[in-house]
Each structure stands twice: as structure tokens, then as C-alpha cells.
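Both complexes shown next keep chain A, but they swap its partner, so chain B is in the first and chain C is in the second.
Let's look at the complex of A and B:
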């Protein structure tokens, strides 16, 4: 699971309001450099949840302070920031661990890099 | 040939053995990448710009590979763990996968994706695996969630293999009931092999589905159907003798449009072209 996926994922089970951001309990992570596409990162900027990003960074022991608390239009001009954002969203992957819903405490396991987001029938509204 | 959808649940059908077989068949690889390229074309994304695409029923990542080749990043979901394991083994640079049954709704925040594709998966939702969950309820949950996770201006192109016209109706009705505009594009309607159904969806009221491919002159005109204008109306049964019912008269169409207006629906203005037979374009 990339942090980009973490940034968009939420728990939609019955009774849960936001189900976001999911807390990451990582047992194994992998970091692999990929070529940043800054135009693309700029394009993603307005859709990124910065609270989710900071929460993920904290969970993984990354430098959460490198990321602002919220979006502002000037962020797109800061190349160093865009590179750091690319690295966080695309290069860091959680291979083993769990995602935990901040509201219900429901755990979703991550095995082989694949989060299991399947709900039970009882969790459907 | 009997359909796998009739025999098994998707997660049981696409087990480890089937997933590996599926992913290594050069025939399947070619077909899936061709369909995916067409679906991306139907999305009409901004040219030359990398986009974030949702791939619904991404399987072993064959559609994802085509999305990447087209220069986009993607997030895929699938119900089959075994298909996803094969996808994850590819360590794709632009893609990422998670396990989810689309009939449970898509587990994403609002307005995250620049577009969505689904390649050869949606028909599975027409088959009921659990008594507690009707096909209609699952389709509605799926489309309602798709509606929220797309960014403004984003579109969806969902290719599927309907078993019959009831399934086409079930799917298109669920899509329009949650508020989508759009309709079906049926490519190569006269070829049993190449014929492909794409459900093209958008938020725009003025959205008109793109032109279908491979329509031969003289072929039935109903290859590109606006859901709101045609598919929503229950298709009449064929008359005895196998002839299709007459095309609707102008009076019938005008009356129908007036009724829809009174219901507050968004209906095109009447013009001299209303209810005229369309030319068969090539």
C-alpha cells in the first residue's frame, strides 16, 4: 500500500461518519525511489488530505513536520516540498501491518502490500 | 460455453490457479489492453496530462498495465485476493491495489479520482451470491459511491459483458438513479466476437456519449444510447414475427418529453430534429 492510497482510503462501514484517516500500524515497510513528476504532484495537491498525510507520517515515524497542516495555493511553487510529497505518496509502501479505523477501532489487515478492505454483511448499511 | 458468473462467486472462480492462467494468456493480455485503451479514450482526459485513475475489478493488473502505458497512475480494487497477489507481484511503479467487493461501495474519500475504468468486471454484480444482498442494492451502492469518489469533471468508462438485456437495464438504471448522465457505447455491434459494451458516465447535464466504433452502414442505429433518453424506457418486446416495433412518432416523443419536464427532469428543448430518424453514420 502506497501512502497515496492511504490518503484516499476510508472505512465506510455502517455507523462510521468519516472513517478517516486510518491509523497505520506497520510491521514492514519498503522505500523505493521513483522518478517524481512534479506536474502530476501539483495536480494532486488540492485533493490530498494533509491531516491524513501527517497522520500517516507520524504512524510510520517519518518527518510529519515536513508537511503543512492544510492546503494553500503557494505549495505548488515549492519544489523541495513537491519532491518530499512525491516521496511520501509514491515511494513509501507498507507491506505488512494493519489499518485501524479512528472511529470504530475496526482493523483492516495489510498482507503482501494489499490492504483487505472487505466488509462483512453486518457492516453494510 | 457457460459463463463463470453463473457457476461461482468471483473470489472462488479467480483462485490462485485461474489468476496465474488468466494473467499469462497472451490472448487475454491483448484483449484486456485493447479494451482498456478504448476505455481511457472514452474518458476523454485532458491530453498530455498524467491522471489518477480508479480501476474497478482490477484483477491481476492487466488493465492497470495499459493505464500505466498510457502514462497514468492508478489505484485498483478487486474482490479476489489471488488476482491481487499476482498484481502486487508486478511491483508496478504507477499502480497500487487493495481488496474490496465493489458491491459494498468504494472505500474512498470524496472527489479523489480524475477518472474511473472497469474492464470486464461489472457484470458480476448482476449475480446474487448472498440472500441478504440483492443485485440492485449492490449496484446502487456501487454507483452511489462511484459518484462521490470522482473529481468534478471526471468521467467513468465501464466495459462489461452482459448476459442479456435485463442486465444492461439493471446496470444502466442503477447508474442513472444515483444521478449520473451518460449511456452505452456499443463498439462493433455486428461482430459477435468484437462487440463490446461500455457504460460511459459523467456529471455534466449536456454530456453526450462518444461515437461507437465499427458501426456498419445499415446496422441497427441503437449502438449509442443515451441512458436518460432511451435505456430508461423499458424496451418493448419484439412483436410476433420478430420485427422490431416502429420507431416512436414525433407526437409520442413530444408528449413524453413534456411529461418528463413536468416531473422536473432535464429534457432537451424540442426542435425540428426531435424524433427524426438519425442518419447512420460510419
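Let's look at the complex of A and C:
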């Protein structure tokens, strides 16, 4: 699971309002450096949830302070920031661990890098 | 990308180890997948696009989409079956692909476990999928289309030609005037004898490649989330 995926995932069980951001409990992480495409990252910027990103960064012991609390149009001009953002969103992968709903405490497992977001019948009705 | 190159690449994609009839699991044949992707590319809905496959199985369509230069890092395959996803993951490693996988049941769940990406209005540019035909669970094919349209403005989907009139007749998969539906190709789905109740060696089924597109994403919000 890339942090880009984590940035959109939420718990959609019945009774849960936001179910976001999911807390990451990582047992195994893999980091692979890839070359950022800055134009592309700039294009992504407005779609990123910065609260979700900071939460993930804190959970994984990354430098959460490198990321602002919210989006602003000037962010696209800061190349060092864009590189840090690329690294967080695309290079860091959680291979094993859990995602925990901040509201209900419900745990979703991550195995082989694949988050299991399946809900039970009780959680749906 | 020549059709035969794509088809030969896709022949390396591993299929289901033990297909589950309850989920109507059939491997999309490489021959068919290659043609579907060429059609999608001809509408300019593939290159550079964030693609999702709902009911991705072992990842055949996304593997092809990746080879045809979709935006892999933003593309996601979703399936309810952990065994299929485990094979899909093996395919990712073997073929050095880079899209993400997610286990979720879009049939019982109300769509995908995603927050809405507000500024863009959609999580993906294009959905390309080969949903269950609805032979075992009636109506599941239309449900897949509805769910898909909630997360992408353009949806390509394979359906049995025998259900064409029904699909068109019921107002584009229950989305009424908010969605435009057209059949853009008629193809053959060769299904090898997969399940024990299959008497013949293989059968050819006529399938339609549908292209569904939203007319107005705000208006249809209600229609698709029902």
C-alpha cells in the first residue's frame, strides 16, 4: 500500500461518519526511491488530503512537519517540498500491518501490500 | 503498440488457481483483453489515465493498460477475493507492474472505501472492467456499472450481447438520463471448460464492449449512490 492509496482510504461501515484518516500500524515497510515527475506532482497537489498525509507520516515515523496542514497555491513552487511529497506518496510502501479506524477502532489488515477493506454483514446493514 | 505484442505480453498473466463460480470468475482471455484495450485507447481514455478495474481478478486488464501507458502509479485493481489478489500480486512482481491492489467488496459495500477526491470530482479517469455477467447473481453486472460510475466519469465494461437490450432499455444501468451508454464493439469471449458442470471443451460467447459516460456528474450523484 502506497501512502497515495492510504490518502483516499476510509472506513465506510454503517454508523461511521468520516472513518478518516485510518491510523497505520506498520509491521513491514519497503522504501524504493523513484525519480519524481514534478509537473505530475503539482497536478496531484489539490487532490491530496494533507490531514491524511500528516497522520500517515506520523504513524510511520516520517517527518510530518515537512508537510503543511492544508493546501495552498504556493506549494507548487517549492521544489524541495514536492520531492518530499513524491517520496512519501509513491516511494514508501506498507507491506504488512493494519489500518485502524479513528472512530470505531475497527482494524483492517494489510497483507502483501494489499489492504483488506472487506466489511461484514453487520457493518453494512 | 501492436495488437499481437500486447496479446503475447498478456499471455504471461497467470489466471485463477481455483476459479470460484459464486463470483463468476473467468479469466479474460489475452486475445479479448488486447482488443478491449485497443478500443479504449482509440477513444483516448487510456494513455496517461488513472485506471481502475472493479473485479480485477488476477489483473489481466490492468496489466494491458499498464503496457499501453496508463498512469500506473494512480491505477488500482479491486477484488473481493483474496486468492485472486494474491495471484494478481504475483503477476505484478513477475511482469514488473506498478499499479495498486485493494481488497473490497463493491457489491455489498456502497461503492469503494474511498473518500471523494473533491477538487477533481473523480477518483479515476477511466474504469475498465469485465464484471460478472450476472448469470448466477442477477443484476450484479448493472450494479458494477453503477458503482464504477460513482468513481470515474468514463466506464468500459464487457457484457453478454444477449443482455444488450435489457442494459440499454433500463436507462443505462439504472442511471437514467445522467449516463450515456453505447456499444462500441462486439467481441467473442472464449470460455474454456472452467467448472465441472461445463460439458463442452470451450464455448464462445458474444459480448459487447459498452462505453458508459456521465453527462453531468453532479446531477447523477443521487442516481449512482442508491
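The rule is short, and it goes like this: the second predicted complex is superposed on the first by the 124 of 125 C-alpha atoms of A that agree within 3 Å, B and C clash if a C-alpha of one lies under 4 Å from a C-alpha of the other, contacts with A are read in each partner's own complex, and residues count from 1 in each chain.
Convention: a contact is a pair of C-beta atoms (placed from the backbone, for glycine too) under 8 Å apart; a residue touches a chain by one contact, two chains touch by 3 or more.
Quantities reported herein were computed from a predicted structural model and do not represent experimental measurements.
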item: When chain B and chain C are modelled together on chain A, clash or fit; value: clash
item: Touching partner for A:51 - first (chain B), second (chain C), both, neither; value: neither
item: Partner chain(s) touched by A:39 [first = chain B, second = chain C, both, neither]; value: first
item: First (chain B), second (chain C), both or neither touched by A:9; value: both
item: Partner chain(s) touched by A:104 [first = chain B, second = chain C, both, neither]; value: neither
item: Touched partner set for A:119, first chain B, second chain C, both or neither; value: both
item: On chain A, the residue positions that both chain B and chain C contact, one per complex; value: 1-2, 4-5, 8-12, 20, 47, 49, 90, 112-119, 121, 124
item: For the chain B and chain A complex, residues of the former touching the latter; value: 49-52, 73, 75, 77, 79, 81, 84-85, 88, 93, 96-101, 104-105, 107-109, 111-113, 130, 132-133, 141, 145, 149, 151
item: In the complex, chain A residues that touch chain C; value: 1-2, 4-5, 8-12, 20, 46-47, 49, 52, 90, 112-119, 121, 124
item: Residue ranges of chain A in contact with chain B within the complex; value: 1-2, 4-5, 8-12, 20, 34, 37, 39-40, 43-44, 47, 49, 90, 112-119, 121, 124
item: List of chain C residues in touch with chain A within their complex; value: 73-74, 76, 80, 82, 85-86, 89, 100-105, 108-111, 113-115, 117-120, 123
